[in-house]
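Here come two complexes built around subunit A, the first alongside subunit B, the second alongside subunit C.
Take a look at the complex of A and B:
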């Protein structure tokens, strides 16, 4: 079984991301694999182990994307491809590029994604890739898909609980935290990953000409500072504090 | 291109999610500004009554696709129908609620139409006849203005960001039935069944959230039952007693139970309760953080809550910096006392 996992490199979740002089910056916070993508890698590795086959890491980005690739390889993926994509790509462009790359890899049975990247917070790329490939999409898969005779069954997380769906491969999946913790890279994996040669494909290699993004960000701002004066509630006993706090809450008229 | 604003009504088993009406509300405001009407898209089976409700909430016209192939939401079937309608009707914009289905369907429709998509926006404005949206990025650490050069402009609207419209049962509108595009054989997926969640108020819809963190396990005076001997299991048992108190307060306030990532990762409570950058981003009217220190990832997920109350033993905890009211104290003392005090005031 040929599995592709799509990953993205993002600033660490602990980063203080701010706008300075019109530029987005996260200071010296490290770039890491998008945390959701670790679940996508985990799912891909479990599927490869169960059904045989190998996992290819796919990313679009400049050279700095190597940390995300390395992490996925160190977790156990066999090989990786990086696409030198346009820097101004929106989700429409990204999805077309990834779809073309998946076709170029060839004979792919299954593609896994993290539910969203924590920088753009779009959460739409997996579904868009599915449409460009004409494959079914299982967004927000909450279990490792079961596969028998080319038919896949998976539980998807929805507002109401879980939707149990089945469909045929090839297919696209996106994952969140429900499938359990992703594995840590092993020492051997890290050594192997640091030596791995990652081929770079250009849009030309994919047979794509310049792709114009549809969505642009004319302005990025720091969120308005909240003028908050914190009022510390004190009292003689928990009951006394609770009475005072309850009055304050009622006075806010939010209930 | 028409000046029409389309809005998708997300429903489950014939019941619309509240965020659908918020989207109708936002569509109405855009239509007033741009001079066009509001068309609501109602897809499903046996959902005619939703068409009338959508009109009462502010839609002028309904495109109703009522078909057995649409009984269960399946992105492939819904997107094929929606994209065909949009390429014929040429609306200026299509709004979706940011529900799990709404976000996926917006993405699929955008791909089919080869247009841009702007998910999870918190504000919409009109500039020179184009719609400009504001959306939180980096989990709300930044705000971006976004605009799409392609039509229709596709947005999904953050739940609880646009307000719910008033129901006006005197409003009238037209309902046009439309065909589903794919036959059952052409749809690549099949819904086997549904597993319901444990119930309770959904975090993203909740107007009140009471959350617990690491501090829930920090009550040495609790003695775990003798059959729990493993230290980790004892810690989880302690935390669960804390979450019981938090749950009782949430019940009194008609709210939902949230948790920090630390609490979820430690196994105190299932992931579906996690608030924060890698959990749910919420914006309730009242957020009570109990035993949560306030890591940046957690703050990113709840900082836009209207009133924040922090209860923590550590006076230096960063959560106090975003709180309107703070109590430096033990959640095991304060939460049950607050529950009693609120019960009295709410007549419960």
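Take a look at the complex of A and C:
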């Protein structure tokens, strides 16, 4: 089975992301693999172990995306490809590029994603890649897919509960926490990953050019500061305090 | 000169960091209160390869270098000292001594299961009546045919009650001209008849770990378990300390970092006199001290690790790193409690645990008074390092990572 896992490099979850001079910045905080993508790698590795085959890590990004790739390789993925994509890519452009790369890799049975990237938080790239490839998409998968005779069965987590969904391969999956904790990189994986040479593909290599984003960010701003004041209401008895509180709530027109 | 960590080092750091933060940080307070070690810790550290991090793959280890060992210790002690103590005794005192001094047969028999985490090791050197004055330990080993008969008591032994094997030094020649020349080291199976052991409770810190005593009563140890030659025990023990102290230095650096991070967070949040306390210069002074001590401690231990990798003798540098980092970590933890005020005095916050834990390392693995004497002897020209019959092997990635 030929599995591709798509990963993204994002600022560390502990980083303080702010807007400075109209630009988003996270200071000198390190870039890490998108935490949701670790679940996608875990699912891909479990599938490869159960059904045989290998896992290829795919990412679009500049040189700084290396950390995410190396992390996935250290977890156990066999090979990786980085695509030097356009800097102003939105999810539509990203999905076009990833879909073209998946086609170029060839004979792919299954693609896994994290449910969303923690920087953009759009969560639509898996669906868009599925649309470009014409493959079924099993978003928010909550179990490791069961595969028999080319038919795949998976549970999806929804707000109402679980859905059992069936479909055919090749297919796209996105995963969240429900599948269990992702493994840590092994030391052997770390050694292999640090030596791995990751091929870089350009848009030309994928036969793509002049990709136009559908969404741009003409302006970004910090959320307005919330001014909060606290007042402690005192009184002789709980009933007295409650009465004063009720009066204040009425006066402030909260109720 | 390049002060950057390699990609490999950064990945090791992150892996150990994630393990400690995700799996241990959420439960450590509970086990610290219970004065017991969470049962999953040792098997999990073994399974992840952390216990054999710097041991060659051919001996069951993970095949990383000595700098990786230091980085792992920093990450572990940033969560709790007890995690790093495991590395100090299992990896530093026991496994690395086997790597340095053990015969090929001893490595295959003892080092391989230790590095894989299938067996747990410790170092049993200190006695109730001798710690800093190690040359005058009283525990004895008497040769009888193909065996040595061990008698004596070892005290303040980390993992005493968890370990399968112990690196033990005993007196084999009570009449040696110099007391230090009458000592011999052994690798001892702690499941042998005549070995009894137990935990010590009521310690100030390191409560979520196992610290105990081991009593040897006519314990028969096969002669092939002798490490090095008869009379080499003092040198072997001192070289074990070069490795143990390195892990202590790196760990204490992690404790400074943890104290710093918690202090920065609290100082930004806590308001007093109409502003966050971080705005007050006396608080800033404490934070500044911690920040610079962290950098200095880190450079000192990384230098020692780099020297180990290169195969250079590092007794002086390791001792300096241990002295500096452990004193600074005690100071940092104490100031972190001060910054937290009344809250720092309660176990609602981590800093009181840091303070209790940090005191131990000022005492053990060569008290900081002993470290001062070592530094003075080097500076005054009274002490020079003579070559050892067996040095810690320099890190060679090809040899380290080649399968047996």
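Keep in mind that, in the parts below, the second predicted complex is superposed on the first by the 229 of 255 C-alpha atoms of A that agree within 3 Å, B and C clash if a C-alpha of one lies under 4 Å from a C-alpha of the other, contacts with A are read in each partner's own complex, and residues count from 1 in each chain.
Note that in this section a contact is a pair of C-beta atoms (placed from the backbone, for glycine too) under 8 Å apart; a residue touches a chain by one contact, two chains touch by 3 or more.
Remember, predicted model here, so these are calculated numbers, not experimental data.
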item: Partner chain(s) touched by A:128 [first = subunit B, second = subunit C, both, neither]; value: first
item: Superposed model, subunit A: greater residue contact from subunit B or subunit C; value: B
item: Which of subunit B and subunit C A:231 touches, first, second, both or neither; value: first
item: Which of subunit B and subunit C A:188 touches, first, second, both or neither; value: second
item: Intersection of subunit A interface sets (partners subunit B, subunit C); value: none
item: Contact set on subunit C toward subunit A in their complex; value: 6-8, 11-12, 14-15, 18-19, 22, 48-49, 53, 57, 62-64, 401
item: Contact footprint of subunit B on subunit A as seen in their complex; value: 11, 13-14, 16-19, 24, 35-36, 90-92, 95, 118-128, 130-132, 135-140, 153, 155-168, 176-178, 212-223, 226, 228, 230-234, 238-239, 241-243, 245-246, 248-250, 252, 254-255
item: Residues on subunit B engaged by subunit A in the complex (per definition of touch); value: 12, 17, 72-76, 79, 99-101, 103-104, 106-108, 110-112, 114-120, 132, 135-150, 188-197, 202, 204, 207-208, 253, 264, 271-272, 274, 277-279, 285-286, 295-297, 303, 306-307, 309-310, 320-329, 333-334, 336-338, 340-342, 344-346
item: Of all residues in subunit A, those that touch subunit C in their complex; value: 32, 70-71, 74, 181, 184-188, 190-191, 193-194
